[in-house]
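Heads up, the next two complexes both have chain A, just with different partners, chain B and then chain C.
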Partner chain A sequence: MGYTRVHAEVHEYDVFARKTRVEPLHQVGSVVAPDDDLAMAYARATYDEERWVEMMIVPKAAIISLWAPGGDS
Partner chain B sequence: MEPANSGALEALLKRGELVESTSEMTPDYLRELKHTLLFSGDTELISAPAYYLAARKAPSVNAFMTGIAIIQDELAHAHIAYHILEELGESQEDLIFKRDPKAFRYPYAFDVPLESWTELVVANAMYDQAGFCLLGDIHEHGSYGPWKRGLVKVMAEENFHLRNGRNWSKRISQAGGEAREELQRAVDWMFPLTVEWFGLPDNLKQHSTQLDYRLKGLTNDQLRQQWLSTVVPFMESIGIAVPAHQEGDGYVLDYPFPCTFDADEKRWDFKDPCSWDAVLKRWRERGPRNAEMVALFQESFAKFQVRA
Partner chain C sequence: MRYAEWCIAAPTLEADIAAAAMGLDDIGHSRVLYGSLRELGTPDAGTEDTPSYANVPFLDRPWTDWSEFVAANAVLDSAFTLMMEALANGNVDVLRTRLKKMLQEERYHTLHGRSWMQEVKAGAALERAWRESLEWIGPENADVDELHGAGRLARGVRDLRRLLEERLDGRVPPSGLDWDSWEPVRRRTQPGGIDQATLEMLQGLAEKRYMPATG
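This part shows the complex of A and B:
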C-alpha cells in the first residue's frame, strides 16, 4: 500500500508486545516509518503505555495472510 | 438500493460481533466510521497544541515534564485514529497537514485558550474526563475491531491525565486564597463548555446512525450524565462549586442549557438562554484559538518536506 509522508517512501510495521512472560505476544498497534531504525524509535515512543517484557516489530510486507475475517473462506 | 452485504452486516452487528475489514462494511457504515474516527483523531491532535500553549506556564520543570508526557500521549492517540483512517483509504498527510483549520472536527471547548497551569489541570480533570466517557463507550460497545483494540492503550493513558488533573485541582484548592479563586474561575467557564461537548440533547436528536451501527453504545444524554456523575461529586469534594446538583439518580443543571457564551471574556450568561441553532453556529464558526493551534503543527510541513 502506498503511503505518502514527509519522506518519499515509507513502510508499515506491525508492533507486537507482551507485559509478562506467561502471556503470548499480541499486536498492540502499528507504525509507519522510512526505515527499521526509525520504526523502532516510533514503536518505543508510541506504545509506551506498559512496561513490556518483550516488544518486536515486523514489516507488514513480510506477513503472509492465510485467511482473515471478511475474506472468502 | 441496498448494498449487497447490508443484510450480512446487520446480522453481524446483531450477533454482537466485530467488523474487521472493509469487505464487511456497507458504504454507509464506512462513512459513519470514518466520521467518528476523524472526530476522535482531530480531538486528540488539537489537544496537543492546546495543552502545549498552557504547559509553558507550568510552575516547575517536573510539572512541565508531566504536561509534555500528556501531550505525547495525545499525539499517539491521534496517530491511532488517523492510521486506521489511512487503512480505510484516507491520506494521513492530507488530513493533518493540508486541511483548512475550520475543517477540523473537535469540540469547541479547545478553541477557547487555556492560558495558565490551573486551566490546563482543569482541562485534564474535565475535558479528559469527557474524552474518557466517549472513548470508554466506544471501547466497550464499539463494533469496529481495530479501533476497539487500539483504544486499550488510549484508555490507560487518559486515566493518567485524569489523575494529573484531579491531583493538581485538589492541591490548588487546598492552597486556598488567590490560587483557589483562579481554580474556581477556570471551572466556572470550563464546566458548561464540557457539558455541551456531548452534543444535542436526546429529545432534539431524533435518530443516531452511530448507535444503529454500534459506533457508540450510549446516547448523548447518557454520556453527559455519566460525565456529570464523576465531575460534580469530585469538584464538590475539593470545595469547588459547580452549577449542577444531584436529583434522584441523575444530575440536573442549575442554568438554562444552552445559553450564550462570550469566548473572549470566557464568560457564560446564565440569564440569556439561547437556541441550539445559535450554539451550532458558534461551533461552525470556531473559536479564538482554532487557526493558531492548527498552524502550530502545519507550519513546518512545507519547509521540511522531502520531494521524491
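This part shows the complex of A and C:
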C-alpha cells in the first residue's frame, strides 16, 4: 500500500452512551482521531454494537478531573 | 465490498474498523436499494441485454492505495448519498420511509470521507471518482431529470452536480465529459466490469469452495 503516514496530530475522545432514556450516560470507550468529524465516525463504527438511544463524544482534554486512582484525593 | 477489503489495511486501527462498518452499512443499503428499483419502475434483475451487475469503473478492481479509498468514500459515496436524499425527499412514499435509516448511517460515511480528504492528497483518484460520479448521475434531460420531473426524485442533474461540488468544498469539478460512449444501464463510459474474483465472492461462488463435499 502506498500510504504509510498517519495523522500528524491526534486527540483522544471519550465515548458515552445509554440504551434507555431512564439510565444515565456511561463511558463505553474512547477513540483517537485528528478532528471531531473523524472521531464521530470512529465512535459510531467502533461502539455501534448496541441499540443505544444516545451516544456522544467528549474531547478528553475538556474533562476536568477531580481525583483519580493513584493520585491525591 | 471494496471498503471491506481495507478492514485490515487502513492506516489506523480506527480506520480499519470504520472501513468494516461502512462496508457492512453499504451491503445493507445495496439490498434495500435493489428492492426499491421496482418502486421506480425499473426491473430489478438483469436480462440478456442488460447485465445483472452494474457498477462504476472505480469499483472494477481492488484499490491499491488508501487515497483511492478516500476518494471513493468522499466523492462516490457522497454522490450516492445525494441521490438517496433526492429519493427520500421525492414523492414515492415507501422510499421516504425506507431510506431514512440509510441516510443516518451515510452521515458518518460523509464525516469519515471529509476528514480523510484533508489528510490525504487524493488528487488523481479524486478527479477520477468525481468524473465517474458525474457519469453515474448521468446527462441532463435524461432519465434522472425525467424522474425529477415526475417528482420521484427531489433533485435533477444540475442540482445533484452542484450539491456534490459543495460537499467537496468548492474544488473544481472535472470538465469535458464525453456522453457519446455513456452506457445508460451501467451509467458509465468506460468499458470493462468488475473483476472475476470479486464477482465470484459477490455471487457466493468463492465461499462454496470451502463447503464440505456431499454425497
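Keep in mind that, in the parts below, the second predicted complex is superposed on the first by the 68 of 73 C-alpha atoms of A that agree within 3 Å, B and C clash if a C-alpha of one lies under 4 Å from a C-alpha of the other, contacts with A are read in each partner's own complex, and residues count from 1 in each chain.
One rule holds in what follows: a residue touches a chain if its C-beta (ideal position, glycine included) is under 8 Å from a C-beta of that chain, and two chains touch if they have at least 3 such contacts.
It should be emphasised that the depicted structure is a prediction, and the values quoted were computed from it without experimental measurement.
Undergrad: Contact-wise, after the overlay, does A:27 reach chain B, chain C, both or neither (first, second, both, neither)?
TA: First partner only, chain B.
Undergrad: Please indicate which partner A:49 is in contact with in the superposed arrangement: first for chain B, second for chain C, both, or neither.
TA: The first partner, chain B, only.
Undergrad: In the overlaid three-chain picture, which partner chain does A:38 touch, first (chain B) or second (chain C), both, or neither?
TA: A:38 sits against chain C, while chain B stays out of touch.
Undergrad: Touching A:68 in the superposition: chain B (first), chain C (second), both, neither?
TA: first
Undergrad: Is A:19 touching the first partner chain B, the second partner chain C, both, or neither of them?
TA: neither
Undergrad: Which parts of chain A are in contact with chain B and also with chain C?
TA: 3-7, 32, 45-46, 48
Undergrad: So in the complex, the part of chain A that touches chain B is made up of which residues?
TA: 3-9, 27-30, 32, 45-50, 68-71
Undergrad: Which of the residues in chain A come into contact with chain C in the complex?
TA: My answer: residues 1-7, 31-35, 37-38, 40-42, 44-46, 48.
Undergrad: How about chain B: which of its residues touch chain A in the complex?
TA: Those residues of chain B that touch chain A are 18-24, 72, 76, 79-80, 83, 86, 91-93, 145, 149-150, 152-153, 156-157, 301, 304-308.
Undergrad: Quick one: which bits of chain C touch chain A in the complex? Just the residue numbers, please.
TA: Contacts found on chain C: 9, 11-12, 14-15, 17-18, 20-22, 64-67, 108-109, 111-112, 114-116, 118-120.
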